[in-house]
Every structure is written in C-alpha cells, then in structure tokens.
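Sending over a structure as structure tokens; questions will come in a sec.
Chain IDs A, B, C and D follow the sequence of writing; residue 1 opens each chain.
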Amino acid sequence: MKYLDVRGLVVAHGQVGPGTHILGIRAPEIRKGAKPGQFCMIDLKPPGAIDPLLRRPLSIHRVGPKGLLIFMYKVVGRGTALLSQLSPGGSLRILGPLGNGFRIDQSRPGLLIGGGIGTAPLVFLSEAWPKDVEQVAIIGGRTRADIEYAARCLEDTPSRVHLATDDGSLGHKGPVTDLMSRAMEMFEGRSPVVYSCGPGPMLKAVARMAADFNLECQVSLEARMACGMGLCLGCAVPGSRGDDSADSGYLHVCREGPVFRADQVSWEDYPCP
Amino acid sequence: MKYLDVRGLVVAHGQVGPGTHILGIRAPEIRKGAKPGQFCMIDLKPPGAIDPLLRRPLSIHRVGPKGLLIFMYKVVGRGTALLSQLSPGGSLRILGPLGNGFRIDQSRPGLLIGGGIGTAPLVFLSEAWPKDVEQVAIIGGRTRADIEYAARCLEDTPSRVHLATDDGSLGHKGPVTDLMSRAMEMFEGRSPVVYSCGPGPMLKAVARMAADFNLECQVSLEARMACGMGLCLGCAVPGSRGDDSADSGYLHVCREGPVFRADQVSWEDYPCP
Amino acid sequence: MSINPDLAVKTGPLNLKNPVLLASGTCGYGIELQGFVDLEKLGGIVVKGLSLEPRSGNPPPRLMETPCGLLNSIGLENVGVDRFISDKLPALSALDTAVIVNILGDSVRDYQELAGILDQVRGIDAIEVNISCPNVRAGGAAFGSDPDMASEVTAAVRKATSLPLIVKLSPNVTDITLIARAVEHAGADAISLINTLLGMSIDIKARRPVLANTFGGLSGPAIKPVALRMVWQAVRAVNIPVIGIGGIQNASDALEFLLAGAAAVQVGTATLVDPLVSVQILEGIRMYMKETGISDISGLPI
Amino acid sequence: MSINPDLAVKTGPLNLKNPVLLASGTCGYGIELQGFVDLEKLGGIVVKGLSLEPRSGNPPPRLMETPCGLLNSIGLENVGVDRFISDKLPALSALDTAVIVNILGDSVRDYQELAGILDQVRGIDAIEVNISCPNVRAGGAAFGSDPDMASEVTAAVRKATSLPLIVKLSPNVTDITLIARAVEHAGADAISLINTLLGMSIDIKARRPVLANTFGGLSGPAIKPVALRMVWQAVRAVNIPVIGIGGIQNASDALEFLLAGAAAVQVGTATLVDPLVSVQILEGIRMYMKETGISDISGLPI
C-alpha cells in the first residue's frame, strides 16, 4: 500500500474552459509515488462539514515541482460545483495515488486518444513519456473550447497532436476514431499501443477499432466510487481479469484499474449513460 | 408579516473575543423594519449545500447605515464554527426581522441586564434608547475577555455601565444580580423596567429578583428553532401568555417572543442546560 | 416548440391546480405564511394535525438538527378542531388553493368524530388522516404500524365523511405495501407518505437524550431515499393516487417522486428552512416539463 | 487526576480489546487496509459478507451518494467462504485484533453450512450473521423482517458452531425489539444493528432509477438517528450485548451509541470516506472517558 491520506494546500485554482477548472494541490508525499493514469480521492468538504459525504475521484492531470499535483476537472454536479468555489490558500484532504496507472510499453510507439475531460490523465502520460519512444496524440471533444486547453498542454510535450471536434470548430470535424485510422499510417507499419481515456461511447469505439487493427489498447475507466481503495466493491464494471483466479464477472475500477486492457472489458454491458 | 428572506452581502466579519465574532451583513430591506430584541434566521450553507440543514437564530446586535445589520455570535457548535470561516465578500441568506422585540417603556428608566453573548441585543436596545429616558446597564460574564467588547459598545451609548465577572477579572466579582440590587439605588425610588438577555440560570435569577423588587421585567429567551416564523411549534418554552385565549402551557419563542414578560415564563420548568 | 405544461392534478376525487402541497406540521395553519408566500400559487395546504381537544404537545427541547435532517418531537400540539374552524379556517379557506385538514386521535372514535365535525364545515377540500399516532387502547402502537388498525381507522373516517379522504402512512413498518393496500380497501381515496422516521439523539455532554421526549420524528433530505423507495412501492401496490412526501428540497427531488409515480408531492421541512421554496419547486417542475416536452403532469411517471 | 481508561469489552463470550470495530462490507477482507490503517489498534474487523459460493453481485451502477448518505447495491459480491479461508484469512488472523466473519445465505441451510465450515477454522473469533438477505424459499422477504425466520436462522447457526454468535439485524421492520428478542431466545450471544435502510434514487435526466438494482441500502450519517433509536430500544429489550452501527463518523457519534448502552460499535461508511477514522474514534472515546472521569467502558451507558 503506497497511498496516503493527507491535507494538501490548494496553491492554484482557475478556469481553463467552459465549466473546466484546474486545481493545483501541494501534496509531496502523494506526488512522490504518482504514475500517469493514477487518481486521487478528494474530499471537497470544509473541515467539520459532512455533506457531500463521499470523496470525488480525479485523475492526476500533471505533476510539478515542490510536490505539486494538478487536476483538471469539469463541473458536472454538486460536488464539483462546490469544489470550484474553493480559493487558493484553502486546503483539501486528498488520498492517493490510487489505482494501477498506464503500463508504458517502451518497445512500441504510443497512440494516446483522449475525449473531453478524459484528456486529463493523458497529459501526465505524455509528459512522463520515455524520450526515445514515438508518441502521437488524438484529442477530441464537442467543440473548440472543450479541448483547447488540453491540446495546448500536449503541444508542449514531444507528442504529435491531432484534434477533432464534433462541430468542426477545431481540427477535424468528426469523432476521434476518424483520425485513428489516419494516424496508423504515421507509424509506418509498426503497431502502436493505444492509451485511451474519455467518455464510455468513445472508449467503446476506440476499443473496437483497436481490435480491428489488432492493437494492444489500454483504457482508463470511470465508475462511481465510494472508497477508491478496494473496500466497498462499488466501482464494478462488467469484465474479466482474464487470469484463472475466481472471476466475479466484474472489474473493480479503483483497485484493479482504472486502466484495463480493452479486451478485459465486456463492452456490450458497459454502462454508457 | 413584515419579514423578508434575502441574500445579504457579508461586509464585515471579525473576532472580538475568545470564540466571539461580529458579522456585518448588508440587508437594507430587513434593516429597515428592525427593532431591538428582534432576531434573524441565518442560513450558513454555501449555495448548493444542504447541511447544516437549519438556519441559525441570531439577535440583531446593532444596525448601521446603508442597510447594515450587525450580529455578535459565539462559536458553540458546528453551525457557528462553519459560519466563522466565511470571508467578507461572501453572502448569506437571511430571514428577518423576526419576533416581537423589547417594548420600551418611555415613562420609566431602563435597567438592561446582559450575560455573556446575551448582551448582543442589549447593545441595539441601548443605541435605540429614547434620549430623555434614563438607562443603566449591567453586563456579566465568566471572565474579562467574555464581556470586554460588549462593554465597550455600551460605553459608547448614554448608558451607565456596570460590570461583573465570575472570576473578578473585570468589575465586580460575582453574578449580575449582586449589582442589580445596588443599581436600584441609582433610580432614587423610581421603579425601572428590567430588560434582560443571557443564559437561562441568569435570567431565572434576574426574574426572581425583579419580582422581589416588584419590577416589570422583560426577558429575551432562547430555544432551538427550525423555522423562526411560527410554522413548526418547535421553539416552545413552558409558560403562559396570560390572556384568556386557549393556552397550551407553552410559549413559542420565535413568534410570541423572543421577548416575554418574566411572569409569563414558568421558571420552575424552564430548561437550563 | 413552446409548450405550456398542464400541471392540474386529479388526486382521486380531489382536484388540485398543481401537484405541490405544503406538508402538515411545517406550515402552521397556513395563515402564518400569508403575505409572505403566495399561497394561491400552490396546489394546496395541509394544516397542522388537529385533535378533538387542544393539545399542549411535548416539553422542550422539541427539536434537534441531525446530518441533513431534523428530529422533532412537537407532540402534536394544536389548537383543537373547534378553534381551528373558528379562528384559522376563515382566512385560509378564502384563499384559492386546496385546504386539506390533517387529523389525529388516540382512538378510532376520535378520528371518526373529527371527520364527522369537519364534514359539516365549508371550505375544507379534503381530510388527511395521520395514522402515525399511538393507539392508546392498543398499548400505544401506532395505528399505522398494523394493517388491521390502519384499516379500521380508515373505514371509520370513511363512514363519517364524504370529503376526499387521504390516509397518511407511517414509514416505520416492515412492509409499506400491506398498509397501503389495507387503507385502499378500507375506502381511502388517496394515500400520502411518508411521515417521519422514528429516531433519537443523545447529548454526550449532558449524558441524556437531547429531546425531552427521548424519541422524535426524523425528516428532511436525509430520509429522501427511504421515502422515495416507499412511494415507488406504494404506487405499484395500489390503484389510488399516491402523494409523495419526504426530504423534498428542490424541484429535482420533487420530480424524483413524480417520476416514481406520485400524483402530487408535499414539501415539509424544506419550508421551515426556506419558506419560499415550494413556489420555486413548482416553477422547477414546470421548467422540466417544458425542457423534456412533457405537456401533461400525468406524463411524468416512468 | 490522570486515569488511563480501560477500554476492554466483553461482548458475551467474545473479548475485544476495545469497542471499535470495522463494519462488514466497508473494510473489504481487512487486508486491503493493512499497512495503511494500524488495524491492531482496533477492537476487531468484520469482513465482507461471505456466502458458500462466490457471488458476482449486482450490475453497476451500484453506488449513489445521497444527502449525508450513501446508497449501495453491491449485491453481496464476495469471493466465497473457501477462497476467504485460503486467500484472505491467513494474513488477517495473523493480526492482533478480533476477526469476525459476516455470513449470508439464501436459505437457513446455507447459513448453517457456512457456520459449520467456519467452526472448523482457526483464527476466527466470532461469526456475525447478516439476516437482511432475502429468504429465497419464503418469497424473498428478508430473514430479518420476521421474528420466526430470524429465530430459525439463529438457531440453525447456533447448532452448527460454538463460536461466539452475533446476529446482525435489519432496520426495515416495524418493531426491532421483537426481532431482537427472537434471536436472543434462539441462542445469539450478541446482536448488532443496524444494517442499511432500504432506499432508492431516481435519475430525472435518464428517467430511470439510478441503481441498476432499483433499490439499495442507505448508510452513513443520514441514518444515525434511526440507528441510535433502534439500538436504544434493543438494549432495553434484551439481556445480551448490543453492538451499535449506523452513521458513526466520529467519536461523538460513537459515544452516543455507547451511552445508549451499546457494548461496542462498528464504523461503516465513514471508513470509506476516511480510512483512518476508526483509530481517531477510538482516541476520541479514550479522551472523553478521561475528561469525564469514567475509568471503565462499562461505565458509559446512561
């Protein structure tokens, strides 16, 4: 168990897109062990408050010097709305780093595919990417404002970045999968490993196309969580670890994931709300 | 019904004693009708939060220009602790002015007796006091720090102020009732009206002594409240309105009070926690 | 597409202009809110529970805040049915909104007598029978805790009045559907639920229960999941309209109940915290219907 | 006066070094917390409910946050008793803290068989019987909803094992004292309560229940007043020790249960939010005892 529960100082907090914020927390103990694809459980309540009860899972978006952890989140409900009101100088309890993270295959080029807020962990992945391994990133979203900030982050990395929006306001007009087949050509016959994070329907499409191209594909999944550390079994998604161990028919996102091989997930039953 | 429910801007918030804070809220609509002894129900939750569920009753401590309402409160539990974390610039929902307030008898001198945080509404009373009516105030508390600020407020009014502390660190060493009998002499035979607010045991002692001296005595009571406006019947204290109307054996602090004639209260059953 | 949703509700024989009511015990006799809340916008008002004789209620403390909830042990303090009719009803019934009178008693006879008195009075649109009260004859178990007792009270009231009859169920039971079916068969025109969950709180400094009465009723957002579950079950168990109550704080909460199949909702504790909230809830329901293109309130249930 | 309070508890035949336990389903198999929480400080660990065969549990979503509460419909996913014994128990029983195994079944026979298996295994300090599960033979009503069924399960387990036997009650009943007495008479050494309250939540955008299973169990601070009331009632109804559970978030909450007469407490949902909280609760209890001059835990009940 290498995770810790600490109170971290909020050192930066600002809006970077419509309803999208970045949050910088100083938590050196957690920063130290953090790997791309891992997440933290953040307690949004002021000290003494009891509601909203649960912590919220957020992927580590970037790391910085002096123990800095940066998260990128979208306001979607009550918890994230309350979080967005917090000023720098405040503090939050933060539990992490949690989960397995992406397994970078150094022997193969990487194809990073992010959708919307799902791009958050891919920035960390791209920044931590081994220097001598090729990397291409495809970022998609509904519209320009949704992906502009994340795209800028990635452009500061060695990644070659391709963009797609549903409305065509930035980059290709259409889904990320359109760009996926085109990107394949750039690898000149070598099979890249796909690393993907985004909304359920996108992951499903990416997984299918990766299977068609016979590519290894790692997907970072989301599920409602209570504990984030394997205690409650609440974060189940349909799938199978694929080892011979007793198999419940469910994967537990917090402990066995959040990153899974796409072929471990039962996509036909995957809840895509 | 002359009360209103508004969102008021917090224009001042600071500590004035150990665990004691003053809170200035701009709420001109409420300020307009406010009388000494009335209170407001303050919602301490940030927008979107649901806990702590209930508003908290606070007496109006002072009023100021530009619709300013000032409250003085002590941190005693979860709600007031959360409140004390709020910075100026924030806002709070505030319902008021509620309750009946003190009835100033212009024909008689006033003897204001406050204990601890119970002094809060007496400052407003003293500041609103008719110019040509004599007024003496007695303020008591556990120790110097408990009453220093309130005493300073009163010293800026025409009131003659006498102080008492349990530990003798300021003024007389002993309870306010010690000073009450002495103060009587200052009125040279005329019977003052007693206006009192403070902890239960103090009010009980004051009421008893007022009865001994045959003085009219008005007491401002506290009770746990949910609504503050007569809807829930939660704020009962044992007593009787004394009119011939159907009498439940209970007074309702929010609607029939918080100020009662001391002889309306059944002191033997009065909960003094 | 601009629709103007129809919010009118037929709750059995009772017609409401919309599905938002104020719950008993949290809006006084209604008139306390007059001039502050625009009561005529609401579907109706359920007044504080009335007994034959005035009642003093329980000694204080009567209230305790709990996490997202409120414990109360008011003890059914009320002015009695006679004073209600003489002092409160005239102003209340002058309003263009449904007046629903909540009644309570120690015995079946009390309930029957109350219903008989109210049956003769103009300006009352329905009776809501609170069966969460202890049956003094039956050793103090609540009428609402047993299908037979619930049924007996309902039948007795049914005999005494032709007013629309709502029976309000207690949630402190093993199987709410048994009670719901029992009162349906005994002649209720509608059921409302839930009343409060029995709870308590202890003051660890004073080392005694906080409420003078030891136990109290838990209400507020904390109980909403339980309330919604029971409403969902009741809707599927009976063929009469169900009025949903419990922890409704905003339009989204109210909509959960309406989607579960409730014909109307009552707003209780939320009014104590936020006296104007019921009108906002109504507006929120209207907005939701517009946005989802549902033109009639009966199109809400899923 | 500096006292060093004695926190050791005798819960029937089970000795605990202190009254703070981790509740079933909220601490995995205990070992998930190893290295993070100093488990040896605690009185004991109640592991996730075990069945004879492994169970998959319910489809997702399984969780929903509610006001001050959590709805879950895990559906009793577990690795099954055999894998628990082979894979989890060795590390767990090596710890110096009580290991309590929670069991569940579809039939009385399941429970009995489970108890029989566990009776043979070293390193288990007690069995906790979860009777909130549906009795498949009796049409799916929970064993814990009926005194006779509760009693039958208890007696069957009692026959199969000489381990200390705790029966964990469901709160979804009209009268908890009836169930408490029934299981006492059937041979329980202690009772624990409450399990979760049955609740639900609806997604008004998707227009369907949030949980795939429709209903779920409500836990967390929201339910504390109900839990405390039931514990208070149970303590006064039986002569065996009562373990208090429900919404305990901090030492003050735990003390409410101990003052109500609980011999020990279990911390559930709070651990999910704050994995270290149980140890802090224990410290808070110790502090309170020092401050109030209570030297022995048995001096807490009021």
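Criterion: contacts are C-beta pairs under 8 Å (C-beta built on N, C-alpha and C of every residue); 3 or more make two chains touch, one makes a residue touch a chain.
Just so it is clear, the model here is predicted, and its values are computed rather than measured.
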Using direct touches as single steps, what is the fewest number of steps from chain A over to chain D? 1
Tell me which has more C-beta contacts between its two chains, B-D or B-C. B-C
Comparing centres built from CA atoms, which chain ends up most distant from chain D? B
Centre to centre, by mean C-alpha position, how many angstrom separate chain A and chain C? 47
Roughly how far is chain A from chain B, going centre to centre by Cα mean, in whole Å? 54
With chain centres taken as the means of their Cα atoms, state the distance from chain B to chain C in Å. 35
Can you list the residues of chain C that touch 2 or more other chains? 67-69, 220-221, 249
Chain A: which residues touch two or more other chains? 50-51
Touch-based graph of the chains, sorted into line, ring, star, complete or other: complete
Using the touch definition up top, name the residues of chain C that touch chain D in the complex. 66-69, 71, 141, 145-146, 172-175, 197-202, 204, 207-208, 214-216, 218, 220-226, 228-229, 232, 247, 249, 252, 255-256, 259-260, 288, 302
Residue ranges of chain A in contact with chain D within the complex: 1, 3, 5, 43, 50-55, 79, 93, 95, 223-227, 229-238, 246, 248-250, 255, 269, 271, 273
If you look only at chain B, which of its residues touch chain A in the complex? 46, 48-51, 78, 81-82, 85
Chain B-touching residues of chain C, taken from the complex the two chains share: 25-28, 32-36, 48, 54-57, 59-65, 67-70, 72, 74, 77, 79-80, 83, 206, 212, 220-221, 249, 269, 271-276
Which residues of chain D touch chain B once you look at their complex with the stated criterion? 67-68
